[in-house]
Every structure is written in structure tokens, then in C-alpha cells.
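Next come two complexes built around chain A: one with chain B, the other with chain C.
Up next, the complex of A and B:
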């Protein structure tokens, strides 16, 4: 039994939409989009990443409209995105051009350029700060002023720009991981062509980077808990801004003739996975494989989760669902998973009635059979 | 000055500079708008560092504008919803395309603005570097 169109409920729907607005504003306060953009950085970053559209203002607007519900905000942004023309493709973005704001390694204490903590909750006490209940704009501005003065006094005139060498390049130069040539094949685009299996690496990475934060994190956690075969360590995690350039649409020219259009803030993770490899004459050696994770904004658990799943999908294993590309890639998209789950509450009257009919018929047949048996005996 | 460097200065720097340059062009030339500033998307092509292959990270909202001055086409593209800046970038791009005499005097202005941007960036970097870890080896026993 398929789906059929039904009529009715127009007034109820209109009133329901009014009621939805009422719930958003019932406390008599309008939340400004600028306040969301200024104060809800983590949520804005998550929504931009999962909707695969980088713009803080639009993400903040979507969050306002969705009353802070990320899945609804992502849905709104994905829908908006589909109304816009794609005007250009960027020149290839190399992450060693990142202007670093945070950069750490869990594998090496002494990395070229050092460990830079940047802004992180890693070393904070997770105690509710009740002082924030009465925080005012004036207090915030005074704190900012003091902070900027402090930085100005201690400004190091010799400090070099924060574009740092990559830990992987260092390991490659030391011969600890095999060298790797640049591959310039044009990537596949899952927003233009449906995913087919086996998937390409570019499809996998695109789906992982726009995956739902919770789903990516949970599946990666399952891998480490035993539903996978990995023991990862963060080789390098960085947060920073990547400059975006596009080429002239009509003129051939070198890269310097391109246009700078702005920066995007991303989190990037290179995860090291030790593996034992059998060499000549059965000799076993330990080598490192690399899992790659990157996502819009500062969203470190997602980028770490992505790097773990990237390596899982590079090494298919029938015994573990986390190493099965169909299982992972078909279930981590926010719009697809929440869309399907939530559609279950939409009217299914006809399909359900047909199931009820089947149940009734079966019961009736059972009862008739029982009666016949009783008559015989 | 190549376009990449020029557009970076104009977008990162003060909004006053592109505004002044645009006014200067508008005073001396007729600017025909071929495409009003409109929103669109730029898809980001990124090289991952594990196997050094390419993939698409996602899209960025941009504003794009196209103008024509004499027979020179100018393109302005900037991330975000920035109709005014996109128009100004397009006008400046056309002026440089046509090698208008005004552009010669702009080079100094652009270089000065670049210095300002570098100073601000340096201050930001210095502030971030305050969070750099200085390890101390602990004595054992």
C-alpha cells in the first residue's frame, strides 16, 4: 500500500504554526540574531558544519527560527542553500596555509611551532558559573578592554605569523610515515550525484564532514570501545582560519591572479593509528596509518570522530559495522536521519489501516479455524 | 600588485578604502552594472593531508557583482552578504583591468592598508601565542 493524498486540517495547521510562534516568543522577549552569533559560537559552528554552508549570520538566523534546535536549523539552512546558485569553486585549499588559533598534539610533546592551547574548555572546571546570570554588556566590554591592554603590553614584536609546519610533514621528512604525492583528481560531489557503493574517498570525506556531530562522535566512540579495530592517537589537532581564493572565471592566469574572498574557520585533525605490517620473510614492523578529519568551525569532537571513521572506511572489515561504508555513510547525515525518523509521526492512516485490516483478517481466520476445530471435536 | 594580494587587502582592511576608491572611479567614469550584487555559493575544494587527495568541504555564502567600465569588466566576490563591498570590489577590479591612471596612486594606499592589517594580525597572533605551552621537566625521586 502506497502513500495517498488526504485533505483537511488546514485551519488546525494554520493555528499550529501560530502556536509554534507563540512558543518562541511567549516570554515576551525577542532574541536578536546578533546575540546568537555573538554568544552561541559552538551551536553556530555545529549548524554551519552539518548544513555544509558557511555563514555565521544565516546559521544564527536558522537557530533563532528553530528555537535552538540544531536538526531543525540544519534543515532550514540546507533548504535555503538549495535555492542559491553555485557561482564558483575555490582554488585548492591547502591546510598548511591555516592561520592557527589553536594547535596541539597528543602524540608529540615537542612539535615544530609548539603546542598552542588557544581557546579550549579542556582545562576548565565544569562548574556552573552563576556569575553569568548577571553578566552585562558593560562588564563584557570592560573585560575585553583589559584583555586587549594586557595583550598589547606583552606583545612580542618578533613573533612570526601563525602558519605552522604540519606534524605529518615532519614525520614524513623523518621517514616515520611513507611519503605521499599530491593527487589532483577532481572530487566527486554528493550534493550533485547520489552516492553509490563502493564510494570514492572524496565522497566519504564530504559526507563525514557534513555528518551530524552526535552521530559521528557516537560511531567513532563505538570503534574505540570495541566495535571497530583501531587504537588512535591525535597526531595534530588545529583550529584556525583557511583563506579562500577563486580563479578568474574567464581568464587563464596563475594563482596570484585569483580573488581572495574571505576566510573560513575550521577544525582539522590528523589521527595516527599504529598498525603491524608483515614485511619480507614474515618480519613484522609497526607503521602508522593516518585518519583525516576536518569540519567547519571549532568542533573538535566531530573532527576527531571523523578522522577515526575515515580510517575505518579506508580499511573495510566485515566484522564491524563501523568499518562498513554503507552503514556509516547512510546514517550520519542530520537531515536524512532526523527527517526519516521524524516523518514517522506524520499521517500514515492508509498504510496503518491496511496493516490493521491484515491483523483483523488474520485474527478472523484464526477464530474461524478454531470454531471449525471445536465443531469437529 | 596582483589581484590576489589586492583583494585580500580590500576585504580584510578598512571599509573606507574601497569606498574612497570607488567614488574616485565613479567621478571620472560611467559604471555600468552588468550583474547587481547577488548571493550565491562557492564550493570549497580542500586537499586532505592523509593521502593528499581532493574533496569538497562544503559551501560558503558569497555576494557577487559584475560591472563594466568602458570595455573593461570587473568582478567583485566576497564571502557573506556584502552587497556594497561586492560592488566596490567589482569597480576597483575593472579599474585595475583597464589600468586606469587612478590605480597608480592606489598602490601606496593599498600597501599602507596592508601594513595596518599585518599589525592587527601580529597583535592577534601575539595574543594567541600567550597560550603556548612551556613545558617544564619534573624532577623524579
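Up next, the complex of A and C:
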């Protein structure tokens, strides 16, 4: 009688969990967490970003436990995150302090500091590399050795961690985009206080950055393909490490006295959206608006998608769901969407019985009405 | 007991925040209080709202009962109990009257609850007006202005189309003459049990991040019209095939040997208790 089972649910669950473990290990090999951390950078980054928890080791553990299923891995990490007390808040991070590993601009060819391709799959041919089938640790280490020697020869003494001016600052100095004020208010924390509408920008950015990669990408794609009013250009995309500092918890002190606690690797995107603004006497002028995207790790599609959605939500438009904050913010979270979709697998016997009663009642009334008519005629 | 985690899973700060939201909910019967719902180790949509309430309230001396669609042994109920037991070590029971905390999905137990008990219902969609208004910012305004014509209209349209109200579970109720509230998808059969309930009833929606409450002895009325009164599901002339009870909510089953329809108590603990007492009296079987 189904899985609500009058009795026996407990044992069934135990056996099911055993079976799940069997599926994970049935080929007789234990995947090492270290291997996941070393070789599955893209997945580790995605999972950390969607979980909003920056820890490569825990993300790798979650991936192992979830057999590589990102939605399950994110779920594990988020649930773990719920148990962590909030001990410190970091100082405000200025993103121009990023130690840049990759940075490009699609708007300007000659940007101060130059375009740096860094590591990207953008220019690889997507041909399966069958050589990787037999790649050995020894081969990898030899290659690494040669690579480091090459770097050593080319490196001059001045090129220690690279910080670069922002492309957008250049545009501001040229007067092409209006200057913007620094807004260092305490951000609202969506994990401590639930979202209410109209939302604040800090709430929107938080929810976007922890959104499911696929969902963020799809909604942003819809915007630029036709269900939205945007034609953006990448002002600047950069990947690199941001240093994180915390202030002394008890002593009031200068920001300079903060403690460095480590780096987080992020992808940051500043997107330019041309808009027409009406000036005095109905005169129209073109200006640029900015969309902002940032996420943990290297996940460029998501960061770009986020920057598009950020701008959409700054400019509500009733005609497009992608410009509707409730539509976007309520539906892009991985744990929430997959949770509610999967709850449909739970028994709904009582609710269904209740609906059945209503359906029968309307049928009965129908029949009674027909009988009455027949009697009359 | 799993000591790698805090007592009752959460850190104390999180529990306190949830309890504060709960206190506000009790102070404003039927009003949905937003809270910073945490991600739980069970699925969003699988009872995380109820679970967060349970974990924020539970103490070492509590006795917990968890039911899912009437059953103590349903896989999800078992799973929730296991998590709470692993992180608290509290006593678990199936007997309704023994429990101090009862977490339930979609049923209110048949055994009447008393003032020393708290019933925690899991809620999928806390907003009774969501059916006709998708925007949260708009429904919030409707509640503030007590603008409930849409809810009445929804029922009116059902009567026009089908000749009667066709709500299944989750038939909307008016709480304390002020807020229209989703009672969670309990069958209409259970709606009257909310009215002047001796036990405190808390409702938690984890994914939607809302907590609301019906304090003891609060007036709870199912929405209806004078000429089309509210009607619970009817099980007239039906009897439980196991314990012989009547006048309770039944599961409808197909007897595999005869192919006929048979009925059985949906509340499994009530059914077993009735069976035991019949046997103790040396009664019929």
C-alpha cells in the first residue's frame, strides 16, 4: 500500500539509505576528497557560490557525498551553514584590491593595464581529449615542473600580485557614465532576516549571487533574447582573489589594524547597458547604466547573468517577468526550487482524498440536476 | 545522539530568532510573520517550517510525536523524528495524549488536544490569497486592509461553476474576525478542530519563510455563505475496517482480493489505540 506504509517505514528508509551508499561505492573505489578539490574546480566553485559558503574542502566533501550532483551538494552545504554562528563581519572589501588573474573588457580594446586572458575555456576547441584517459600523476607533475620554469624565466621582479584600475573608473573620468557615491551602509542579511518587498539592493545582490547557476543564466538569457529590454556589453569581467580583513572584535581601531584572514576567489562583472535619458526640454541623450555581478570562484556565465538581472530589477517593468523582483528572487534559489519540486514525491493521500470528496460532490449534484430535468420533461 | 551538532541542530541565536517570530505570531493570531528561515538537513518543502519551530521549542523533557498525512510511520515522519532524536535525544511517542509537541503534516489528530500540548503544522503555501494574487507585496496590502473580497469571490465562483464550494484541503479560515488564514492543507474535516482549540497551534512555512499561530481558545471560522454553508468531507455510513470507528477521517482503499472499496482510519495511532482498547475489553474482532 504505497510508501506511507501502515508499518515498516523505518526499515524501508534504512534499507534505502544503504542502497544509496551502495550506488556511491559499487565500483569498489573510494573517491578521495582531495582529488575532487584538485580536479573539479568548476564544480567546487559552483557549489560554493550557490551555497554561499566559501570552503573548498567542505564543498569537495559535499560533492563526494552527493555523488557529484550539484543540487544535492549545495543542499548539504547550506544545511551545514545553518548551524554556524555568525562570529565576525568582515571589513568592506574594495574590489579594486583584487589580485587579478584574468580580466577582459568587451567594450574597450585598450584598457589601462591591458586585457589579460588568464585561464579560460573560451578559446579551447571543445574536442574530447582522449589523452586524459591515461593521464598519470607523473605526467602531470612533469608538465607542472616545465610550466613553473617557464613562468620563472618570464616573470620580472615587479609583477607580484597584480592590482589594476577599473575600466568603469576610466569611463567615469571621461564623463561617459555618471559618478556614483560610495554607499557603505550595513547591508541587509537575507539569511538573518527574511526578504520583504520592495527589496533593497543588498538583498537582491545576495539572492542573485547565491542563485542557481542554471536559473540565473536562463533568466538572463531570456532578457537579452527578447523577454526584456536590454542589450548589454561587458564593461569589465575579472577573476581573481579578494583579500578579506576583520577588525579586532573588542578594540576600536583603525581599519588599517584589521586582521587579514585569507582570500576569496571571485568572478566580478560590470556590465554596461545603454539607455536613453530625457533631459531638459525633451532633449534625449544616451547614457550608460551599470549592472553588477559577482560570485564565488570562476563562474563567468553566472556572474554575467547576475549583472543583467541586477539591472533588470533596478528597472522594474511590468511587461517582463525577468524585471519583476518577486518573480526572479523567489524562484532562482537552488535549495528552494529543488525542494518544492521534489516534495511532490511525498504522499498526498489526505489532500487527494479531500479533493476527491469535492469532485464526487459536484458529480452527484450534476446527476441530481439531470434526473430532475428528466422528470420534468 | 549526534554531538557534532548543537542541541536541536541550530545555534542558540537562530533558535532565539525563531522563537521571537513565534511570539509575535501568537500575539497577532492568523498573521503571517516573516522569519529568516534556515536551510535544514531535509528538503525545503518537506516540512522545514514545522521542523524549525519544533527545534526552536524543544527542550530535554519534551515528548515528541510526528505524523505525516495521519501516519506516525510514514517515511517522512520517520525521517523528521530521526533527525530530532539524533540531535536532542528526546523521547518519541506515537500516542497523541503522551506528546507535548506534535509536528504534523496535513492532519490534526483525532484525539482532542489539551492545553499542555503544542501542535505544529507544516505549511507549503501560507498565503491564502496566493491562488488569485501571485505578488507578495500585493497580498500583504490586502491583509493590512482586511481586503478579502477576492477570497469570497473565489468561493463564489466555485459555487457558480460547480454548484458547491470545491476547495479540497486548505479551505481558508477567518481567525479572530481579523485575518484570513490558510490552515495548511488539512482536510476540511479538521478545520473545526482549530476553533477554540485548547492547544496552541503553530504553523510554519520554511520555504516561504513565514510563521503564524492560533493561540488557545481563538475563534476560527471556515469561510462560507449563509445559503452555502461550509461542508467537511463526509464519510457517512462508513466504518474503519480494522477498528470499527465511525465519524473520523478515513483513507479510501481498494481491497485487492474483492476489488471493493474499503475504509480505514487515516490517523494510524488513533486506530491502533482503539483496536487495543477493544481487545482489552475482550470485545469483538
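One rule holds in what follows: the second predicted complex is superposed on the first by the 344 of 377 C-alpha atoms of A that agree within 3 Å, B and C clash if a C-alpha of one lies under 4 Å from a C-alpha of the other, contacts with A are read in each partner's own complex, and residues count from 1 in each chain.
Convention: contacts are C-beta pairs under 8 Å (C-beta built on N, C-alpha and C of every residue); 3 or more make two chains touch, one makes a residue touch a chain.
Since this is a predicted model, take the numbers as computed values, not measurements.
Engineer: If you tally the residues of chain A touched by each partner, is the higher count for chain B or for chain C?
Structural biologist: Touched residues of chain A are more numerous for B.
Engineer: Is A:86 in contact with chain B, with chain C, with both, or with neither (first, second, both, neither)?
Structural biologist: both
Engineer: Touch check for A:335: first (chain B), second (chain C), both, or neither?
Structural biologist: Touch partner of A:335: chain C, not chain B.
Engineer: Check the residue A:348 against both partner chains and state whether it touches chain B (first), chain C (second), both, or neither.
Structural biologist: second
Engineer: Touch check for A:320: first (chain B), second (chain C), both, or neither?
Structural biologist: It touches nothing on chain B or chain C.
Engineer: Taking the superposition as given, does A:270 touch the first partner, chain B, the second, chain C, both, or neither?
Structural biologist: In the superposition, A:270 touches chain B alone.
Engineer: With the touch criterion stated at the top, can you tell me which chain A residues are shared between the chain B interface and the chain C interface?
Structural biologist: 81, 84-86, 191
Engineer: Under the stated contact criterion, what part of chain A meets chain B in this complex?
Structural biologist: Against chain B, chain A makes touches at 49, 52-55, 57-58, 81, 84-95, 99-102, 109-110, 114-119, 151-152, 154-157, 159-162, 166, 168, 180-187, 189, 191, 201-203, 205-206, 209-210, 242-246, 248-249, 255-264, 266, 268, 270, 290-292, 294, 296, 310.
Engineer: What does chain B use to touch chain A in their complex?
Structural biologist: Residues 2-5, 7-8, 11, 39-62, 64, 75, 77-81, 121-123, 125-133, 135 of chain B touch chain A in their complex.
Engineer: Applying the document's contact rule, which stretches of chain A touch chain C when the two form their complex?
Structural biologist: 1, 3-10, 12-13, 75, 78-79, 81-86, 190-198, 326, 330, 335-336, 338-343, 346-359, 361-362, 365-366, 369
Engineer: Residue numbers of chain C touching chain A in their complex, please.
Structural biologist: My answer: residues 5-6, 9-11, 13-14, 17, 34-41, 43-46, 48, 68-71, 73-79, 82, 105-107, 124, 134-137, 140, 162-170, 185-189, 207, 209, 231, 233-234, 249-253, 266, 268.
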